[in-house]
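Chain lettering (A, B, C, D and E) follows the sequence in which the chains are written, and residue indices restart at 1 in each chain.
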Amino acid sequence: MQIARVVGTVVSTQKHRKFEGAKLLLVQPLNLDDTPRGNTLLAVDGVGAGIHEKVLVVLEGRAAGEALGRKAAPVDAAIIGIIDTVDVRESL
Amino acid sequence: MQIARVVGTVVSTQKHRKFEGAKLLLVQPLNLDDTPRGNTLLAVDGVGAGIHEKVLVVLEGRAAGEALGRKAAPVDAAIIGIIDTVDVRESL
Amino acid sequence: MQIARVVGTVVSTQKHRKFEGAKLLLVQPLNLDDTPRGNTLLAVDGVGAGIHEKVLVVLEGRAAGEALGRKAAPVDAAIIGIIDTVDVRESL
Amino acid sequence: MQIARVVGTVVSTQKHRKFEGAKLLLVQPLNLDDTPRGNTLLAVDGVGAGIHEKVLVVLEGRAAGEALGRKAAPVDAAIIGIIDTVDVRESL
Amino acid sequence: MQIARVVGTVVSTQKHRKFEGAKLLLVQPLNLDDTPRGNTLLAVDGVGAGIHEKVLVVLEGRAAGEALGRKAAPVDAAIIGIIDTVDVRESL
């Protein structure tokens, strides 16, 4: 799983029927010091996340479909938690 | 999921039987400013997308098979929505 | 899916029993101008492809197993079509 | 599978219900000489690992869900073993 | 699938129960000229491979679990064949 921040939303009116009702958020993966890591991506929201919140993102189809509560949903990324704290005990 | 633009088509006459009838489009992943990100790839069309349209692409086999409506289809990428708007509220 | 060219073959006598009889080809992924893109990889042949042919390669385990017609086969890449034409309408 | 070291923990109170009770650890993938390789990631703990331990990490949704003992869990990485020794016989 | 060479072993006493008895080998992916390509990784052995042998590695969870003969095993890479010859007919 990755740590990311919600940075935007995407609207898609014409979409696959199994995707209806899913909220789609734009997330930016983060490094441990909260700087951006790599590119933004789109994830379905499984926990009711909002703009600016730091979230836990799962990047895999089966897992993302489970997060959405729809096994047959055509999705590959999902927000599965809102992060309270990250505690780094050791830096290599 | 990724944001991409449809930039071409591919014709394959001799193909796997479970792939018959699927429309195959060439898509270019995009950055948030609509510049190209990485390489083009081939995705099956699950929503009736056309050339130049900005689309939502899922990159994973199970999910792509679901988008095509064929669980056992040998596919790994699919177009699952046509994007109306992308709203970036916060840039990190 | 990726566009690739068949560039060689691999022989493996001692292999997993569910892999018996599968033809294994060495393929080179291509850019749209037919120059090589990244590294070569090994794919099982699901359509009867030959050396030098331009093919459609699926890169994912479930999908590749389907292409081979064996759901439980331990494979992660397969050739699922022979490409006739690639038509690029728009370059970003 | 990858070799990694446990370097921290993450707390997420508001999370997907199938994720309840799972311990989430921050791990740093390692090279063979124990230097860091790439970015840290989050993995669910399937073996009771602690801070600083060298562990075996599986990076794939189905496998990670199995490690957690919950087939339908929305996870994509898991710690499946604690490493005693790595024996490199040949360096290429 | 990738071509790799077995370069070492890993011992993990405390591991996930579904992982018991699996032999874990350290493999180095290779280029066509047998030079190393990228980083080493850990794969379960599905064919009885030994140190220095050139092997066929599958990189995907479902496929690797099949190679191990345990559908629910938490693994993401497996050795599925020992390579006799690689025949490159055409270099792009």
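The rule is short, and it goes like this: a contact is a pair of C-beta atoms (placed from the backbone, for glycine too) under 8 Å apart; a residue touches a chain by one contact, two chains touch by 3 or more.
Quick caveat: nothing in here was measured; it's all calculated off a predicted structure.
*Asks:* Have a look at where chain A meets chain B and say same if over half of the interface residue numbers show up on both copies, different if under half do.
*Replies:* Counting which numbers both chains contribute, under half are shared, so the two copies meet through different residues.
*Asks:* If you average the Cα atoms of chain B and of chain E to get two centres, how far apart are those centres in Å?
*Replies:* 31
*Asks:* Mind checking the centre-to-centre distance between chain D and chain E? Centres are C-alpha means, answer in whole Å.
*Replies:* 19
*Asks:* Residues touching two or more other chains, restricted to chain A: which are they?
*Replies:* Only 60-62, 64 qualify.
*Asks:* Write down the ring's chain sequence, where chain D leads and chain E follows directly.
*Replies:* Counting round from chain D, the next being chain E, yields D, E, C, B, A.
*Asks:* Chain D touches which residues of chain E in the complex?
*Replies:* Going by the criterion above, the answer is residues 5, 7-16, 18-19, 24, 26, 28, 30, 34-36, 39-43, 51-52, 60-62, 64-65, 72-77.
*Asks:* Applying the document's contact rule, which stretches of chain D touch chain E when the two form their complex?
*Replies:* It comes out as residues 1-3, 31-32, 37, 46-48, 56, 58-64, 66-67, 71, 78, 80-92.
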